[in-house]
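Worksheet: one structure, shown below.
Labels A, B, C and D are assigned to the chains in the order they are written; within every chain, residues are numbered from 1.
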Amino acid sequence: MIEMYDVWKTYPNSEPALQGINVKIDKGEFVYVVGPSGAGKSTFIKLMYREEKPSKGTIFINNFNLEKLKERKIPLLRRQIGVVFQDFKLLSRKTAWENVAFALEVIGATGKRIRSRVKETMDMVGLADKADALPSQLSGGQQQRIAIARALVNSPAVIIADEPTGNLDPENSWEIMNLFNQINQRGTTIVMATHNRDIVNTMKKRVIAIEQGHIARDEKRGVYGYDD
Amino acid sequence: MIEMYDVWKTYPNSEPALQGINVKIDKGEFVYVVGPSGAGKSTFIKLMYREEKPSKGTIFINNFNLEKLKERKIPLLRRQIGVVFQDFKLLSRKTAWENVAFALEVIGATGKRIRSRVKETMDMVGLADKADALPSQLSGGQQQRIAIARALVNSPAVIIADEPTGNLDPENSWEIMNLFNQINQRGTTIVMATHNRDIVNTMKKRVIAIEQGHIARDEKRGVYGYDD
Amino acid sequence: MRSGGYTDTMIRILLRHLREGIRSLGRNGWMTIASISAVTVTLLLVGLFLIVGFNLQAASLNVEGQVVMNVFLLPDATPADVPSLQTQIQNMPDVKSVVFVSKEEGLQQLRNKLQADQDLLAGLDSNNPLPNKYIVQAKDPAQTDAIAGRISTLAHVEKVVYQKDTVNRLLTWIAWARNFGIVLMLALIFTAMFLISNTIRITIFARRREIEIMKLVGATNNFIRWPFLVEGFLIGVLGASVPIALLSTGYAILVKNIAILPSFSLLTPVPLLSETGLFLLIVGSFIGMWGSVVSVRKFLRI
Amino acid sequence: MRSGGYTDTMIRILLRHLREGIRSLGRNGWMTIASISAVTVTLLLVGLFLIVGFNLQAASLNVEGQVVMNVFLLPDATPADVPSLQTQIQNMPDVKSVVFVSKEEGLQQLRNKLQADQDLLAGLDSNNPLPNKYIVQAKDPAQTDAIAGRISTLAHVEKVVYQKDTVNRLLTWIAWARNFGIVLMLALIFTAMFLISNTIRITIFARRREIEIMKLVGATNNFIRWPFLVEGFLIGVLGASVPIALLSTGYAILVKNIAILPSFSLLTPVPLLSETGLFLLIVGSFIGMWGSVVSVRKFLRI
């Protein structure tokens, strides 16, 4: 499903952010990516949906070889991946509803299907009553849940979430985690970068710990670690 | 220091976000504001530095009566308050260093003082090596720490932080909390909205719980609550 | 069945782009107004210049139309030579008209011309010293000189005379005015095109994050481009409508009131304004679309 | 001490604004280029029109300068009347020049004019039927008619004659061309001002979040405004420099090559270009600053 071989990433004028990453995530796995701030978690994730290109190394996602992927084919890759961005990346001129619907419009879904799926997904994240609000009219946590809804709405094969609970209270966080768990049990691969120790330690899954651009730890049913 | 009397806030075309808030925070206090997503924490905080005006009610901050505060005097109010915004609000065209320095420039500090204070503060949040990076070249947690540095740099009388640890790993979160604690012990008032149960329950301070626009709980040495 | 479904999808998506483009026009509020008003103002200027230019052009042709040359015949030209010579001149390239003026008509004209000095010509009727002549007009007044040269080599022609100095000065002035006018007109049109697309570019630059997000969520380049194309088209059309309306009413009022002045007549509104309007509409919508698509392309590379 | 400290602070902050404005110009990269090129292109157009306009204006004055009227005197005017009448006409308002032409000179001129018809005037030397006359020129050719009327009421004046038709037609054409020119020029200048400030507005609109953040962090309105003012000024000045350079070199080349044409002379570069350049510089920098400050104001209300 997701394979990386000796992947390096160096941003212009910087130290390398990732240094020789090797990882293999199977279909249907649930993976936490943990590590201190600035360790390279987001970079690791951005490589998967091709927001960033690796400086070196080979990446396979869902049988796409990203190295050989033509510019024109990138949208096809991205439609198979639902991404929750760390900074949400909502379209500021579209309402909450339209933001979620957008992920279905790009794949050419019918109006009927869009209406039913968007409604369903907005209900799942508990924001059915905020359909007509613009992102600037939503609280931080509400924005985050809209970003989550958009990632889920077209039932992608992989969900990649970069700190999807950073702006949520524990209760909402657990609801989102249960949602992810259900989706995962239906066969969706989930990769989630997080700082939430409670979640990682309670809902035990595979943990990949990144430190200073290296994979420091990769455990099947791991814990958050980093005690203080 | 901070006083609110029967404060209501209704955004256009919405249900009231705050409904009759009465609160008094003394100089030198350390207050957590907790509550579920969309409860009104950020709105409560935005009223203090006048990003939003109350629909009704009276607010005193640092002896400023916000109702009677002239447009021209608002900058004077804001300079006494260091704000960590939930969405960071960094200037995207300025480097990390310049973002922090900006809060000193507005009060007309000398170049020498700016240099020494900015360096000191960037060290405190652990980002001395990222001085020349633009916000878009920083990780989420690094951006958050720059936002914190900017709030602290001109040693304001009050620090208002809206989820300042949402994008930080536990270790960094604790470092920031220790920093806040030190600053608080030197007499600075601190108001902090947070979802971090660990922090609230470990570092025991006054807790104001907001639920659906009401103050549901206000305890001297409170806990996060909301067990699940 | 399958191909029907495919066509349905195409139509659905096209309608979506149309709706999206119109909606975006409304949502951009201030930016839309700024873009449209840039189109409006530039095209108003272009339209104004075009209308004035065409009118001055017509008026200058009118003035130029009065430049003629006198071709004096030798006394040896028989009355039979007159029509054949006339045909010969008429058949020359660039000659517009040839009118024969007999020596008797010539004397009469000289009388009229000298007005105050009538006495001078007393008694000349019986002994007319004037030659027969043709009055020749060139198709293009600037050709007068060349034609005069060619005519003067013909048999029976004594010489060709015209008011070289004054005519030349006037013609030069008009020719320069016209050439400058054309240069300025072209400069203006190019400037207008540049400014419109520049403005649209900046508004789209301000939306680059939006475009980037769309791409990250899986939109293809075309999916993003189409609504912008629709939006650019609408900006162009809406922006062109105002100057067309203003120029039409303004010109109609001007034509009505100018009728009092005798010596200057404006062109009729119908071919002038409809052609100018069409031109503005085409320029506006074309640049609107082109500006949008070109600027969007820059931000699609993610 | 304290007041010294205050002045220091003021200077420090002013320097900061200057530095900040220049820096921002560099950082806005593409937006800066778009703004500057909008200024460049519009002012190039304005400059082009100004230069062409002034030249056509001068040329038209030159053509108009050749419009004269003949004031014929009655035979009863004594040689003593001639200078007094001349002074009388000269002192009329709007009269530019009065030249006396005796009947002898008049006959000579008529001879030159009739060229081909010399024989006609043979033997008139001894019995000259021509009257004495003045050749009068109006300050403003359009006043010719009125002056002619006034002169014809004077004693000893027989009548006033000038080529009413041709002159009127020509003058009307030139007058219209000039009036249109002035209207177009004004329209162009206003359009240019609108377009420049519109462009600057859009670029600042794209930075409204930046302005809001500055306000939230405690900046006063002036603190935010000043760097924008500096930036707008620089955009105006930089944008005006290119057209000034282009027009200067272009005009110099034109003047050099046009010298071959005899009948049309261009104005000398020195007062024309330096004044046009100054005008462009002032318009550019003023609109740059004005556009910036006005647009920033909209976003300061937070």
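To be clear about the criterion, a contact is a pair of C-beta atoms (placed from the backbone, for glycine too) under 8 Å apart; a residue touches a chain by one contact, two chains touch by 3 or more.
Because the structure is a prediction, the values reported are computed rather than measured.
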Touching subunit A and subunit D alike: which chains?
B, C
Which chain has its C-alpha centre farthest away from the C-alpha centre of subunit B?
C
Roughly how far is subunit B from subunit D, centre to centre by C-alpha average, rounded to an integer in Å?
60
Per the C-alpha centroid definition, the whole-Å distance linking subunit C and subunit D comes out as 24
Any idea how many Å lie between the Cα centroids of subunit B and subunit C?
65
Per-residue overlap in subunit A, given as positions that touch at least 2 other chains:
none
Please output the residue numbers of subunit C that touch at least 2 other chains, ranges allowed.
none
Considering only which chains touch which, how would you classify the arrangement: line, ring, star, complete or other?
ring
Let me know each pair of chains that touch one another.
A-B, A-C, B-D, C-D
Subunit A touches which residues of subunit B in the complex?
11, 14, 34-38, 41-42, 86-87, 137-142, 145, 162-163, 166-174, 195, 197-198, 224, 226, 228
Okay, in this complex, where on subunit C does subunit A touch?
9, 12-13, 16, 24, 27-28, 210, 213-221, 223, 302
In their shared complex, subunit C is touched by residues of subunit A numbered 49, 51, 72, 74-76, 78-79, 83, 85, 89-93, 102-103, 105-108, 110-111, 150
Considering only the defined contacts, which subunit C positions touch subunit D in the complex?
30-31, 34, 37-38, 41-42, 44-45, 48-49, 52, 55-56, 59-60, 63, 66, 72, 110, 115-117, 119-121, 124, 129-131, 158-159, 161, 166, 168-170, 172-173, 176-177, 180, 183-184, 187-188, 191, 194-195, 198-199, 201-203, 205-206, 263-264
